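Shared between the two complexes below is chain A, which has chain B as its partner in the first and chain C in the second.
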Partner chain A sequence: MKLERLFQLLFLVPAAVYLLLFFGFPVVKNVIMSFQAYTTTTFYTGEAPWVGLQNYVKVLGSQLFGTALLNTALFTIGSIVGQFAIGLLFALFFRRNFPLSGVLRSLLLLPWLLPLIVSSAVWKWILDQDSGVLNQFLGGVGIGPVPWLTSPSVALITVILVNIWIGIPFNTTILYGGLQDIPEELYEAGSLDGATGWKAFRHITWPMLRPVVSVVLVLGVVYTVKVLDIILGLTNGGPANATQTIATQSYDLSFKQFDFGSGAALSNILIVISALFAIVYLRLNRKAVDD
Partner chain B sequence: MAATIPLVLAGCSGSGGSTSSGKVDSITVLDYYNQGNDKTVIGDYLDKCGAANDVKINRTLVPGSSLIQKVLQQASSKTLPDVLMLDNPDLQQIAATGALSPLTDYGISTDGYAKGVLDAGTYKDKVYGLAPTVNTIALFYNKDILDKAGITPPTTWDELKTDAKKLTKGSQYGFAVDANATYEGTWQFLPFMWSNGGDEKDINTPQTEEALSLWTDLVKDGSMSKSVVNWTQADVNDQFIAGKTAMMINGPWQIPGLKDSKVDYGIAQIPVQSASDTAVAPLGGEVWTVPNTGDKAKQKVAAKIVDCMNSEKNQLGMAKLRYTIPSKTAAAEQFGKDVPAEQVFVDLVASARARTGELGEDWPKAATKIYTAVQSSLTGQSSPADALKNAQSSN
Partner chain C sequence: MTDTALPLRRPSGRGATPKPRLRGNGKKYLLTAVGVLILAVMLFPVYWMINISLQPAGPAIEAAWFPIHAQFNGYVQAFQDQAGNLVTSLLVALGSVIISLVIATPAAYALAQFKVRGVNALLFGILISQMIPGIVVANALYAAYNDLGLLNSIPGLILADSTAGIPFAILIMRAFMLNIPTSIIEAAKVDGAGNFRAFRSIVLPISVNSLITAGLFTFLFTWSDFLFALTLTTTQDVQPITLGIYQYIGTFTSDWSTVMAAAVMASIPAIVLLLAAQKFIAAGATGGAVK
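Coming up: the complex of A and B.
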């Protein structure tokens, strides 16, 4: 009996070691780093003087923090709403089978398959104010030129739009999978009771899809809050910090200004924000399921 | 034009190489010249210097953007290469960690270099890195477009403004710079700021404000595209090649591409505010260093390689192949004679200023402030004065 228990525990060891090594260690290290004056010198000497909360005071007190926090919130909410709404529409659209729907559905995955650096470079090209394809086209129908990436008041919207484009395949795929699991009989029974079209969606599709929706949204937020490459590729956080988020600011502090302590402090704030969101959301969701 | 003065050089014929330690047979090198012409030229010269010192060169290449991360990793795992190349503004940052050894410890002479070159390679009064060739930025102009408009390259800010305006028509802008939200944007602004007496210690000054007003006015009156806030130097060069801008600020590393493009271009100094001002250019280029690896014998040989890369003969050889300027004054003068098209860069480099010369390790913070201010002003978010004031007071 005892031996069996021992074996059971042994089977857990690989997973536990893996978690500790690849998740536990970096998080703990990042937390420790945020309380240290961790600079380039630390890498060579291994010495990082303890500075207490100084890094947090610095990043929270910085003028840029408010801007970055607001941009992060707008970027996340905007991206998620857009990705989810369009993704759901596509999923519903592909639910009905029609000729070539399989081909079209796989084409929809393209943005997901491209490396983010490539897509952001191509978008930067498309969105160029003077010679970009988009403004050339809009100019042809009498609009523009739109300062997509060059105006501080437009750049954030542009970056969100590009991020929506990138996120659509993910949302569509998961939601489409969820739709496949809803038994056809429910719709048949519903239609007998007069629930078709919007009513069928409201009373059958949506409630049945709910668990999948929560997964999509939680994963979406976690992916979006930390987005770095797209913003760096499109604007580098500019113009005039208009697209600076907590993630890009943290990258900047660590890898451009070599202030790894402050960078770690900022990224910990980001981790707390997304963890809070995940916990709150999962709780709400559990309640909803229990009801 | 034939080279008339035969160069008498000690160069890399250092025959003392074999006496220091018979055991060193290979040297590791890390650099970021990972593409095209630069990759081959630097590789050839490293091999030459290796051969002259009876060692094999094991060279590792990384992309420019990941060099520092690689160096930091190697510093913490004590696996630094024997010879390390660094972009010059990063030298002080790395020297401050203690990972590099002073080149004077190996008896390497620092005579004959331009002041800016030594400033860039010096940390706390000791020289840690030497750049065989250096570069800076200047005004490139499209000869055909300027000739047609009857314009000679502008030398003052007023001329720049009027000429740029005249040269702007249809889809063609008069002038282009890189004003993006990176250190590249800062680097392009520096010659305007410095030539006008501005200083990175405090950018909230009338001198810097005037420089920023110049750029802002050029955007406002349409002579410069609003897109400059998002262009890299490569983008600016593409615009120039495509004939979408008549003049641009760029560096000699674009020359191979420009030659291929068949654009008939000329190079002139960057305009200064009044004709009596001296142009102050920022110094660019990579320095070679000898990290503290703990293996004294290898460090000695590594120093010989660095010394050899910096011999006048090799500086001149690499300069000609890479369109960059030798860092030793005598070699630079010779280079100007041999390649008259690049005389502008030779003149500028002689008095060029190192970005880290004044602030050292604090340069990245100041550089961030500068591009932030440039961006706020060019996008019309705030006036040049307010943009500089806000950026200076931010932390």
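Coming up: the complex of A and C.
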């Protein structure tokens, strides 16, 4: 029997090794790098002197940190609220059985399946201030050209709107799945007690959907906090750092300024933020782990 | 064949309970009209991408709303620039599918069917891995790859890109394999089949649908990868299509028909899979995320 157990563990070994090398190692390495002066010189000399908390002091003390933290929060909250609200509306809408509802619902997935950099490229052209189709359209109804991506006071809102567009299909699909799991009998019983329309939603749909809602929201936060593609593709963090988030700033430090130590320090702060939500996520998934 | 016996959990498969009947055909078709409108708005960027890709090359102040004078110059130019990048993306994506399935399938089986210590630890590790921002992995891998000579290499990208595929593949196949009755596997063992043979000749054939779902999504994830393409390549030698598009939009460009043609080419896998492998896509959209 012991041999059998050992044999069973062999099924897990490749995955365990991979996770350790490509998730475990990076986290540990990142923590180490964040206490080192890790620059391009390191790649030639192999030396990365210890600098204690200097990287953290530099990163946290920089003016940009406040901006990036605020932008990350606004980007995450704005995206999640928009994606969820519209996704829920769409899910409720598609739940009503009408001709073609299945086909339309599945075609809706397309924005979610496209490479993010493709979506960024398309939106960048749609939103172009002078030649973009959106301003062309708005100009037709008398709204002057909006500097979607070029004005520091508009760019963050624009990036959030594009990210909402990307997230709607995922939210719709998961919430639709959750709605399908609510037994029809509840609504039948409810309608006898006069619970229809908004009342039915408040007293039957929402309470029954709560577990799915929690998972969707937490997953949404965890994924949105670390978004890079969309922002780099649309604005590169600009104009004037108006769309710089912790993730893009960390990329900038490591791969533009080649200050890997500071980049690591900043991305560790991003891990801490994710970890706070991870705790919530794992609480929700406790059941899956216990199974 | 087997998919009727053990259907994948997909949203449309759960609609066994009858939906509330709508009164009158008129209302029904009104809903369809609203649904079409929603889809038209949501998919407009995709339409616009195709429209622009067919416009004559060169700067256009006001693009036509329909590609009446369709030209393929954009595609010719995009293909000249990006053919090598498309091949790179294809090789990386296929490599990642193979690696991910080889590593994930036995692990998914063990997580679903074995009661060994280590199972929970691995599941915990997978959930944690979802919280780790890609920039953290990229930061550490850049340093490690630099030492190992894996920068600018296809194997390097395959291994890094599998960070998206492997956890997802494990979760989605595990969700499926939880439904395989233990009795089937026990029966095979009574007949003298070992763990490995039971896995190969019983589990793999019945799970083939979930393997396809996992494989298709791994392909899409890897094909769409931008972060690792951006950080783990430094020369033009090995460059996926996503990076090619980023470089198009990063520099000032006036030739948007070429950019959009490249974007269309990069969207082909998503479009083809959505149309041709609908049931697997729907299964993946719900399965992996919620479990």
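Operating definition for what follows: the second predicted complex is superposed on the first by the 257 of 291 C-alpha atoms of A that agree within 3 Å, B and C clash if a C-alpha of one lies under 4 Å from a C-alpha of the other, contacts with A are read in each partner's own complex, and residues count from 1 in each chain.
What we mean here is this: a contact is a pair of C-beta atoms (placed from the backbone, for glycine too) under 8 Å apart; a residue touches a chain by one contact, two chains touch by 3 or more.
Predicted model, so just to flag it, every value in this text is computed and none were measured.
S.K.: Let's test your reading of the overlay: on chain A, do chain B and chain C clash or fit side by side?
M.R.: clash
S.K.: Would you check which partner chain A:Phe22 touches, where first means chain B only, second means chain C only, and both and neither mean what they say?
M.R.: second
S.K.: If you stack the two complexes on chain A, which partner ends up touching A:Phe255: first (chain B), second (chain C), both, or neither?
M.R.: both
S.K.: For the overlaid complexes, name the partner, chain B or chain C, with more touching residues on chain A.
M.R.: Of chain B and chain C, more residues of chain A lie in contact with C.
S.K.: Look at A:Gln129 in the shared chain and tell me whether it touches chain B only, chain C only, both, or neither; answer first, second, both or neither.
M.R.: In the superposed model, A:Gln129 contacts chain B only, not chain C.
S.K.: Look at A:Thr45 in the shared chain and tell me whether it touches chain B only, chain C only, both, or neither; answer first, second, both or neither.
M.R.: first
S.K.: Which holds for A:Phe94: it touches chain B only (first), chain C only (second), both, or neither?
M.R.: A:Phe94 sits against chain C, while chain B stays out of touch.
S.K.: Figure out whether A:His203 sits in contact with chain B (first) or chain C (second), or with both, or with neither.
M.R.: A:His203 sits against neither chain B nor chain C.
S.K.: Kindly classify A:Asn241 by the partners it touches after superposition: chain B alone (first), chain C alone (second), both, or neither?
M.R.: A:Asn241 contacts chain B only, not chain C.
S.K.: A:Ser119 contacts which: chain B (first), chain C (second), both, neither?
M.R.: Touch status of A:Ser119: second partner only.
S.K.: Between 91-99, 235-243 or 271-279, work out which stretch of chain C sticks into chain B after superposition.
M.R.: For chain C, the listed stretch overlapping chain B after superposition is 235-243.
S.K.: Once the two structures are fitted together, what part of chain A is touched by chain B and by chain C alike?
M.R.: In chain A, residues 42-43, 124, 130-131, 236, 255 are touched by chain B and also by chain C.
S.K.: For chain A, which residues count as touching chain C in their complex?
M.R.: Residues of chain A touching chain C: 4-5, 7-12, 14-16, 18-19, 22-27, 29-30, 33, 38, 42-43, 90, 93-102, 104, 106-126, 130-131, 133, 136, 165, 168-170, 173-174, 176-177, 180-181, 183-184, 187, 212, 215, 219, 222, 225-226, 228-229, 232-233, 236, 247, 250-251, 254-255, 260, 263-264, 267-268, 270-271, 274-275, 277-278, 281-282, 285, 288-289, 291.
S.K.: Contact residues on chain B for chain A in the complex?
M.R.: The contact residues of chain B facing chain A are 68-69, 72-73, 75-76, 93-94, 96-99, 171, 173, 180-183, 225-227, 229-230, 242, 244, 364-365, 368, 371-372, 375-376, 378-379, 381, 390, 394-395.
S.K.: For chain A, which residues count as touching chain B in their complex?
M.R.: Residues of chain A touching chain B: 39-46, 58, 61-64, 124, 128-131, 147, 149-152, 235-242, 252, 255-258.
S.K.: Which chain C residues qualify as touching chain A in the complex?
M.R.: 11-12, 14-15, 17-20, 22, 28-29, 31-32, 34-36, 38-39, 42-43, 45-46, 48-49, 52, 59-63, 102-104, 106-107, 109-111, 114, 116, 118-120, 122-144, 146, 159-160, 162-163, 166-167, 170, 178, 194-196, 199, 220, 223-224, 226-227, 230-231, 242, 245-246, 248-250, 256, 259-260, 263, 266-267, 270-271, 273-274, 278, 281-282, 285-286, 289-291
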